[in-house]
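Here subunit A shows up in two complexes: once beside subunit B, once beside subunit C.
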Partner chain A sequence: MTPALLVATALAGLAASLAGAVTPDRLRIRVSTSLTIGACGCALIAGINILHSGHPAVVHTTALMPLSGFSLALDRFGALFVVISAVVGICALVFRLGYIGHGLGSRTASCILPLFVTTLLLVPAASNVTTFLFLWELMAITSLLLVLTDHAHRGEVQVAAQWYAVMTQLGAAALILGLVLLATRTGSQSFAVIALRSAHLPTWVRSTAFVLALVGFGSKAGAVPLHVWLPRAHPEAPGPVSALMSAAMVNLGVYGIVRVGMGLLGGGPTWWWLLVMFLGALSAMFGSLHSATSRDLKRLLAYSTTDNVGLMLLGVGASGLFASTGHRALAVVALVAALLHVVFHAVFKGSLFLSASSVQQATGSTDLDGLGGLLQRMPVSGPIFLVGGLAIAALPPFCGFVSEWLLLQSMLHGLPSSDVAIAVAMPIGVGVLALTGGLTAFTFAKAIGIGLLGLPRTDGAERATEVRRPMWVGAGLLALLCLVFGVAPFLVIPAVVDAAGVVTRFHSAGALTHGWQIGLPGVPGMLAPGLLALGLLVCTGLVALARGLVRRSPVRLTEAWGCGRELQTARMEYTATSFGEPLTRVFEDVLNPSRDIDASHIAESRYYTEAAVIHTSLEDAFERHLYRPADRGFQRWGALARRVPNGSVHRYLAFGLVALIIVLVVLA
Partner chain B sequence: MRARPAEVADPGDVSPGVQSAAQRLRGSLQLRHVDAGSCNGCEMEIASIFSPVYDAERFGIRLEASPRHADGLLVTGPVTRNMAEPLRKTFEAVPRPRIVVAVGDCARDCGVFRGAYGVEGAVSDVVPVDLEVPGCPPDPAAIVRALRGLAGT
Partner chain C sequence: MNSSWSYVSIAAVSLLQVMLVLLGGPLLLGLMRKVRCRMEGRVGPPIRQPLLDLRKLAGRERTRPEHTSWVFPLAPVVLVATTLVVAAIAPLLATNPAFGWSADLFAVVFLFLLGSVSLALGALDTGTAFGGMGASRAMTIGALAEPALLVAILALSVPAHSSNLPAIITRSLAHPAWLATPQRVLALVAFVIVIIAESGRLPVDNPSTHLELTMIHEAMVLEYAGPDLALVKLAESMRLVVLLTLLADLFIPWGIATAPGPSHLAVALVATVGKVALLGVALAAFEVTVAKLRLFRVPELLAGAFVLAILAVLSALVVP
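Moving on, here comes the complex of A and B:
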């Protein structure tokens, strides 16, 4: 039955795409979105079925692609990602029913969005190299086109799309090289056969393939230094698309790294995983630092995605490191923690991106310095963002806490190891996790405090009202899941343990969940999130009760103290820029802050200022020191190369002659 | 108090609130100073009560930066039109129960500025006053004595 569901997913997706292209304007969004939700539903049922039963679903047809055939085989590991994509997809599509603007209602976008969602659902099921690369590229191109939907109105969209196109194609090139290398050396396209034969490959082939895959998947996951497209593409993409990209698509980068590194290559030497951990640590720190200092809400969320992908890679790297040094129990715990973080990140980042898009639709802006007072004006979307923010800051009783706790535990328990690599890497990992956790809490204190609380800073924020029902239903479903998974993580942990078992090829010493508790098999440590939530609830209740019992003088409401100023405006409030300023100063070397003051004088005297405008900006260090010089180099090469074909017929004839001579010499 | 002047100013009208304030404050009096339009003579004397000569801090009397942290206001000068609203706002910002001390003749009845075009009135015309310290400017010792009476030290 499950193979039929996979086929149904693909067909429903194609039908939705077709419907988006041909149905009349009035019905277009409703028909194509419903069909796409249907595709997600089929994939969700198939995924849950596989996670439950463990029987892989196999679909193979030679009719679609010659030579290799189109082949899907969904195992438990892939099914986990299919389920994530499906849940995020359903919520984002429900959200889309109420979403206007960004050109997402156009015929092109309605045709492409279903295709994008379908590829998100099918990529984890691809079971041979050609199918995988086909679906992967389809995903990259459809997402690129969706980023571009609003290109006619805003110039930044084109720049963002260029960055995204270059980065994703660079990654795809590395991926094609890596996977084709594996396929040719093992003599088979099929992932199953590659996994069987890869152990006999020479070390350099295995390592080259792994590094190429790491580059390819890393660029999709948004790992530093291949992250530059994220903070550009996410703010420009339409709301549901940025949610899908951040909550579902980047996961597939992590999926690929685990699938190739652990599944196809069956683990590897210590340095592979140290490299993964290093990239993870770098992404986590860099991402969290930039998100803490961003003032654009969606840019902040995009950098925070880099941060969370870093944590996932930290877990994956730790797991590989433990496996390569024989600490099997810890390897399972670390991988489960990483995969759990993938699941939870999808849930909370999905709700954050969707509610940020609600804010954008309601106020017309995502600039935090222009928002404020939204918790009152948007009584549903505001709390949804609040829940997402608490979950991402890893506060109980929300889900982010559980996965970060597990990750921390797995690394802490690696500390007493006698292995040098582990003894060095784990304390650094723990430190990175601690720093990132603090910065993330700072970031969301800023986003919630500046964006949702206080007085509205612009007319747009002043006039904001609650968005239409489908939008908050879509975002609210994910926010609800944040709470459900945070209180009852045993709903997902067994499935994640099974999924991890598929790629590590050994099962954990015991179950991670015991009823309401999470245990660590083989090592001491226990967490009962349900009890924790109950304790919090009881404590909050007691505090409320105590406040009610103690007689207090009536509360007097007066204006905020502003030094007795007569005109107090919202412009005097704390802003996101000023909130992040101390951090900007501390990390000046990484963040490259620049500040420019434009002052104009009144006509009568140069000593009196008429107006002063201050421009502050932060520049991505990798963009400045890596990509800009590379870009300049390419431009110079291009200029040089353009001089070669100068239009002269004589020169072209000479080229032909020289080429002929070379060919003759080589052949002779 | 080392320097004891020959003439000690009268503490002025004492509202019933001041008596209870002394019991309530128990030796700690935090005040926010508002210059409502003073010639700065009173400011000189207020500054000098925190000098080593008078050292009002040893009686638990301190000036606060924010009315939110204060027990009351220390107002000097006639209330000018521009300062009337800020004075009201500062008064509103002080948590209850609160005390207002009007220091100097101008604060009591506009002094030499009475009837001037920029003057709104005495402090008591704008906010309720609990304690007045007369003098132009009042002697530092008189200010200290009045405040000690309030702080109960």
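Moving on, here comes the complex of A and C:
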């Protein structure tokens, strides 16, 4: 039954793609989107079924691909990611039914989007090297084409797509090398056989394969320093696509690191996992700092994805570290925390990206410095963004709080061990987690406060109205999940524990949930998120009631205090740039802010300025110090190489002769 | 947990704690103001003055700037509610309040953060320059205080093997020698710095300033009036008293009730009030002697606290 559902997923996806290509304009979006939602539904049922029963679903056929055959085997660990992709997919596609613009309605896009969604659903099921690489590349290419949908209207789209293309192909190259190395050395393509035989491989082969996989998957996950494509591609991609990329595709990078590092290679030496933790810490700090100082809403969300991937890698690294030093039970807890963060991140980041796209459609802009006052103008999408923002800032009673708490607990309980690596890594990990936690709260206080509250700063924001129903339904479903999982995390934790048990091959971690509470086995103290939520609700109600009883008169509307000025205008408001300014100054060394003031003076006296314009910008340090020099180097090399073929036939003949002589010398 | 605690006594502890925090907060502020005034050679208002102020404010009309959304009136309510939840579940008077098993230090931190964020959102909702300025500064300081706070918590949690508050306190009562170890002292200093920053006291923020350029907290609450302002002021004082009580219980735990019964609770009440009043007087005396730091020097102070906290964790591993 479950294998049939996997086949149905693939077939429905292909049918949707075909429908997108051939159906008439009027029906195109509706037909292809419904079929894609059908594919997500099949995958969702299959995934839940496997998570529940634990029996892997296997599909194998040699008809599609010669030699290796097309082979899918979905276990609990993969099923978790399939379920995440399916849920995000359904919500993003429902959203798409109401979404206009960005060229997503075109024939090409309608043909490609279903393929992209289908690969998101099938990549975690791939069970041999060729199938995996085929699906992985299909995912990369389809997502690249979807980023490009609006290229005709905006120049930045092409630049963003170039960055994405280069980074994703670099990652793919590393991945192919790593997996092919494993396949040739173990003599089999099948993941199951590689996992059995990899323990006997020489250490250098294992380590090389792991580092190559880390680079490949890290570039897809958006880990620093391979993150540069994220803040460029996400703002340019159409809304539902950026939600799918940030909430579903990025997860697969984390999936790959865990699958290869723990599944195929069965864990490894301490330094692998310290490397993963280091990358995680770097990504978390760098991402949160940049998202705290970004003024474009989608760029902010993209950097925050890097930040959250950093937290997931921190958990994965801690898990590997515990496993490599023999703390099996803690390894499971840390991995559960990381995977739980994957689940919750998908939920809140999906709702944030979708509602940010609603804002973009309603106001025509994602520049926070031009938004404001949207909570009253968009009575449904506004609260959805608010919920997502509070959830990502790890505030109770929403879901981000639960996964961060568990991550903190796993690090805390690792500390008393005698291992030096752990003793040094864990406090720093907690420090990083805390700093990113604080910065995330800052970021989303800014995004919500500047974007949704206060006075509208432009005409676009002034005229904004609520978006069409499918859009807020899609985003709202995810926001609802933020609250449900935050109050009742026991709905997902057992499934995540089972999924983590598959890769760590260790099942007796003890239950993490006891009814409504979560806690670590054998440790006093637990967390009861449902209870906290109830307490907050009751106290809020009581306080509001008390305030109402004390003074029953209606609330009088007044003017805000403006230092005696008569009229309050939006020009007096703080903007996102000014909100982030103190932080920019504190972290000046990392952020490298540049500012440029153009002042024109009046003719009579240089002491009076007529007009002044200030330009401020923040450039990504890695882009500036790593990628720009590399780019310049390649350009120079290219220029040099271009000098060799100058169009002269004589020279080409000489090349031919020299090459022939060299070949003869080598052969002789 | 201890089976000798009946549901009635557990509920009584929580109720008593909430009452203590509600009443004790304004009184503590009054006491601190009195101490300050006396040290500066003034008579000062009576200690119950903050309570009288609250009553006066509660009787006034509610106002709300135009353009604000539902966030503005909701923010002070959420702020008070988060503090109430902490006051109910944290072991302030006894090691076993209602739901004490869920009184996790990290959870307490995130509850306080929820209150801070909601107040910042309320400030931004007014759409004035002051609201934005106060929110931006308060969130910056909050973000930078977070690492020092959580790592200091980690230092306290390592020997107890738990971040559960009752577990930490019970453990330190059982091992009094452990209180004088280097990691406790380092963590204590980090904690004190963070508490000063979080509750907006000198030298980080001046609670009695009304000079626009130096305001942090006051700039955020400029638009609140009447009962709403009363809630904000109440929450501010409640936070201070909760933080100081936690400090007292974590570092000088003697006197906290470990067994049920009115006599134990009475002792705990006296001990806690005494300890917190002492801490408040010390804080007020300290405030007289320092000037407010420049805003951009505050991160250095907090970075110092973070380093102390990291040292505390490392020494906790060396000296178990």
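Here is the rule we go by: the second predicted complex is superposed on the first by the 643 of 668 C-alpha atoms of A that agree within 3 Å, B and C clash if a C-alpha of one lies under 4 Å from a C-alpha of the other, contacts with A are read in each partner's own complex, and residues count from 1 in each chain.
Definition applied: a residue touches a chain if its C-beta (ideal position, glycine included) is under 8 Å from a C-beta of that chain, and two chains touch if they have at least 3 such contacts.
Given the structure is predicted, the values throughout are model-derived calculations rather than measurements.
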Return first, second, both or neither, reflecting whether A:Gly364 touches subunit B, subunit C, both chains, or no partner chain. neither
Per the contact definition in the header, classify A:Ala544: touching subunit B only (first), subunit C only (second), both, or neither. second
With the two complexes superposed on chain A, say which partner A:Arg565 touches: subunit B (first), subunit C (second), both, or neither. first
Quick one: name whichever of subunit B and subunit C touches more residues of subunit A. C
Does subunit B (first) or subunit C (second) touch A:Arg556, or do both, or does neither? both
Check the residue A:Pro3 against both partner chains and state whether it touches subunit B (first), subunit C (second), both, or neither. neither
For A:Ser578, select first, second, both or neither according to whether it touches subunit B, subunit C, the two together, or no partner. second
Who does A:Gly460 touch here: subunit B (first), subunit C (second), both, or neither? neither
Report for A:Leu375: first if it touches subunit B alone, second if subunit C alone, otherwise both or neither. second
Name the residues of subunit A shared by its contacts with subunit B and its contacts with subunit C. 553, 556, 558-559, 561-563
Help me check something: in the complex, which residues belonging to subunit C touch subunit A? 58-71, 73-74, 77-78, 80-82, 84-85, 88-89, 99, 101-104, 106-107, 110-111, 113-114, 116-117, 120-121, 123-133, 135-137, 139-140, 142-147, 149-151, 154, 157-158, 161-164, 166-167, 212, 222-223, 226-228, 231, 295-296, 299, 306, 310, 313-314, 317, 320
Within their complex, subunit B touches subunit A through residues 34, 66-68, 85-87, 89-90, 92-93, 96
Seen from subunit A, its contact residues with subunit C in the complex are 292, 372-373, 375-376, 390, 393-396, 401, 404-405, 408-409, 411-413, 415-416, 423, 427-428, 430-431, 433-435, 437-439, 441-442, 444-446, 448-450, 452-455, 517, 523-528, 531-532, 535-536, 539-540, 542-544, 547, 550-551, 553-563, 568, 570, 572-575, 578-583, 585-586
Touching subunit B in the complex, subunit A uses residues 553, 556, 558-559, 561-566
